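Next, two complexes with chain A in common: one pairs it with chain B, the other with chain C.
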Partner chain A sequence: MTGLLIQGLINGLILGAIYGLIGVGLNVVFGVLRVVNFAHGEFLVLGAYFAFFLLEYAGVNPLVALPLAFAAFFLAGYLLYFVLIPRLSKADDPEISSLLLMFGVSIMLGALMLLAFDADARSLPYEIEPVFLKFGPVLIPTVRLVALVIALAIIAALTVFLYRTQLGRALRAIIMNRDAVRIVGINAERLSAVAFGLGVGLAAASGVLVAMVFPAFSPFMGNDYTLIGFIVIVLGGLGHPVGALVGALLFGVTEQVSVVFFNPSIATICGFALMVAMIFFRPSGLFGRQALR
Partner chain B sequence: MLKVTNLKKRFGGLVALQGVDMHVPRGSILGIIGMNGSGKTTMLNCINGIYTPDEGSIELDGKEIGGRQIHEVARLGVGRTFQVPRIFRQLTLLDNLEVAQQQTGRGAEERYAQSEYWLHKVELHRLRHNYAEELSGGQQKLVELARIMVARPKVVLLDEPFAGVNPALAQLLISVIRELPTEHDCSVVLVSHDLTSIYQLSHHIIVMNEGAILSQGNADHVRADPRVVEAYLGA
Partner chain C sequence: MSSSPALAAGAASHRAQDLRAVRLRTRIAVTLFAALAAGLAVIPMATSNISFAFYLMLWITMASAMNICVGFTGYLPFGYVVFYGVGSYATGICYKILGWPILPSLLAAGGTGVAIALLLAPTLRLRGVYFGIVSLALATIVKLVISNLPQSFTGGSMGIILSNANNPTHSYYAMLIVMGATLATVTWLSVSRLGRALKAIRDDDGAAACVGIHVPNTRLKAWLLAALFPALAGGIEAWYTNVVDPEYAFHVLITAKSIIYAMAGGFGTILGPVVGTLALLGVDHLIWQKFPVVNLLLLGLIIVLLMLFLPRGIVGSLIKRKPQLRRYIA
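Showing the complex of A and B:
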């Protein structure tokens, strides 16, 4: 039983780190733009397909595909921002309009993926030798450990970017006061486009990790990952990548440890119960307003 | 030099500015007074790009800036503070000033030196690593002033800088504002209900009423103008 518990804990940490990465991308977009990006999960699945096709047709290692996916989707997101988002400011209620718009984009991207890639689930034929690492009674797939390290490294890099660079400080500043950013001479539209690009790029990078770690992905899975991203934001609080990571680890560990004791359906309920409890007792998340600091 | 000519702004049927002319030479302080709703803040909002004027022109050193976006006007050299400070509350004071220098192209050392200088100037240096939200309202106004000054603007628009500020901080603000034209080579447009401060600081004063200029001149002239006494002072 102890072995299973440790196994569940480690699985939870690994999945939590990947969930954290999913959450931080969504967090940046929502924080800066107040746009509820319902298509985040679809961008993630597109990232998974990106890695899949690069490996399948060009033999590109997913570890190389990951930065490529980030760069390509960052650029796509940066350009897509100017097509989609500035128009929202003319709406009576930009936040609701953004929700509906991105919901539409989500459905559209899902349908396009279905057309382009078929409904069949794919899996990334990628393994790292040795396939498993054994620590006493605990068996961990090596690829999962690598994914854990990469997810943590990306979140750490994002934290350094947000807290130690001029552009990062400006991104944090725009979350706090959009008008004031303009008043000090910063082009808020361009900065917002960077935030959107960053969110989409992080979604795609998460997608590569998801493809490496999970057995399969398909065009239908976007919504599941968007939902995970929202749970992470609710748990960790808006604004800080570390908040998102802590929230995600909590969610991942709760879910995976619950599997040890209950059947998987109840484990899912446990994860969601945690989110409901957080909204009930601490609506601003674990880190609350402090998260922006 | 800031030159405003025949500036007009309407909001539906409400005429907020009805052809205002204004001239702020380099190195001078222009005070603007007027009742609530007289158009003072609307004029500042037109100058710094928050509103697009319906008619008229706004020139900074001969270059038209009316109708430009807020960040463009700021980059051209117009700094602005607000009655309720618009600072970055969850950033430290140093980071507030750092963000304001993003567009200056300065190196890290020069940016840091500028921030240090201005935090010393507004006597908040010891709080430089504190978060802005931990400061009093008056101190936040000082941070906002320091934040626009690090960008070395040509014109500074100050909207009610003394509102809600305790007397000690108000004195500090007055002494800092007084030095801006001489020590930092910029012009100041000062909007305030605090007549004493306006009279103390301004080289030229404009009295606004219902979107138009009612009277203008130096402090003595404005104080003696019967139209001002009647419309503004109510006596």
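Showing the complex of A and C:
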């Protein structure tokens, strides 16, 4: 039993790190643009297909496909921003309008994937030798360990970017005060497009990891990942990459340890219940500084 | 001080004018709704193909009830389908498993919807997107809980088949009654004290509290009303189709369509959701017949285009362009 529990705990930490990556991408977009990217999960699944087809037809290693996916989706997100977001600022309630708009985008992307890739669940046929690493009674698939390292590395890189570079500091400044940023002469429009691209790129990168770690992915799974990303944000607090990581680890461990004791859907209920509890007892999240409005 | 009688007289005449305008546009709305209901009432006598009209009433009910929540309170519940789903399950379980007659089963559906709304009421503390997404998470929880109940009770993945309850004409008129009740409620809300209190809260809850409106209680009333009608609609749909389908009963598309139809007409006006449903259900029906494969894609595209180019909906944009029409459009 303890062996199973430790196994659950470790699985929770690994998946938690990937959930953290999902949350961080959502967080950047929401923090900077005040847009809830409801289609985040769909971009993630698209990233998974990206890696799948590169491996299937070009034999590209998923570890190489990951930065490619990030670059390609960053560009797509950067351009998509100008199509979708600027018009929204004229709406009566931009936050809700953006949620609805991205909801429409999410339905569209889901339907497009269904048309292009069929409804079958796919899996990424990728393994690293040795397949399992054995630590005492605990077996860890090597791929999961690699995914954990990559997820943590990306989050670390993003933290450095946000806190140590000029562009990152400007992005954080927008999160804090959008109007003041304009006064000091930062091009908020282009920066917002960068943030949107960054969010979409991160979604695709986490999609590649998801494809490596989870047994299967399908066009219908986007919403589930969007929800996970949002839960992570709520748990960790808004606009804080480290907070999102901690929230995600908490969620991942709760979910995976519950799987040891109950069936998977009860485990999902436990994870969601954790979010609901957090909202009622500490609505600003573990690391949040401002009240949620 | 000397001008106060004149001011008071001016205010009184303005007030009378406002009242006349409200009365006029309410009368217009009531007339239109009555004509619609009368038209729908004779359809089963003329033809046996009542499916389209049935779903028209269903979606008018769903969109108008959504409007109570969004238009009057400013809350966007992404887990709205939960009321519909528990309604249809309550009907199925009461009728099939407990062996109740159909009418009490439908009432049980309404009761369950309101009970679930009470259970979810603490989330009304949240705002904006947080409320929306948390309600989606809670709806998922309710769905998972129902799918984890014993199979003898909920029918598991097979759902519940109501076998001998089937009576399309009766369920058609039940739906008509529920649609009528929904439209009557929305119309009443738009002129009642409660409706004005709700709009005051939507625009500025702090100011509303200052003038003596009990904010949480008032919101709760609207929330319960918004839950009652979809639960009844879910129950009647189960009766009409004779089956409670576990996939469909909690499908996110039900929320999506309720929002889209209401939004296409315009939130916050009582005619809007009806106009939106009439306009889009026909389009949806055509798309469904002609291009079944790209149905979802076009639905998504419609949402995106609506949000980008017509965020206030058909009726809302009309009022925005020609404010004088506000006299006639409730």
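Basically, the second predicted complex is superposed on the first by the 289 of 293 C-alpha atoms of A that agree within 3 Å, B and C clash if a C-alpha of one lies under 4 Å from a C-alpha of the other, contacts with A are read in each partner's own complex, and residues count from 1 in each chain.
Definition applied: a residue touches a chain if its C-beta (ideal position, glycine included) is under 8 Å from a C-beta of that chain, and two chains touch if they have at least 3 such contacts.
Note that the coordinates shown come from a computational prediction; the quantities given were computed from them, not determined experimentally.
In the superposition on chain A, A:V138 makes contact with neither chain B nor chain C.
Within the superposed three-chain model, A:A273 lies in touch with chain C and out of touch with chain B [touch as defined at top]. By the touch criterion defined above, A:V36 lies against chain C but remains apart from chain B after alignment on the C-alpha atoms of chain A. Shared-chain residue A:A170: touches chain B; no touch with chain C. By the touch criterion defined above, A:G185 lies against chain B but remains apart from chain C after alignment on the C-alpha atoms of chain A.
Set against each other, chain B and chain C differ in how many residues of chain A they touch, and the higher count belongs to C.
In the superposition on chain A, the residues of chain A contacted by chain B and by chain C overlap at 292-293. Here chain A touches chain B in the complex through residues 166-167, 169-170, 172-173, 176-177, 179-188, 289, 292-293, going by the rule given at the top. On the side of chain B, the complex with chain A involves touching residues 48, 69-71, 74-75, 80, 86-91, 95, 98-100, 102-103, 131, 147-148, 151. Across the interface of their complex, chain C is touched by residues 36, 84, 87-88, 90-93, 95-97, 99-101, 103-112, 114-115, 223, 227, 230-231, 234, 263, 265-266, 268-269, 272-273, 275-276, 279-280, 283, 292-293 of chain A.
Across the interface of their complex, chain A is touched by residues 74, 76, 78, 122-123, 125-130, 132-134, 136-138, 140-141, 144-145, 147-148, 252, 256, 259, 263, 293-297, 299-304, 306-309, 311-312 of chain C.
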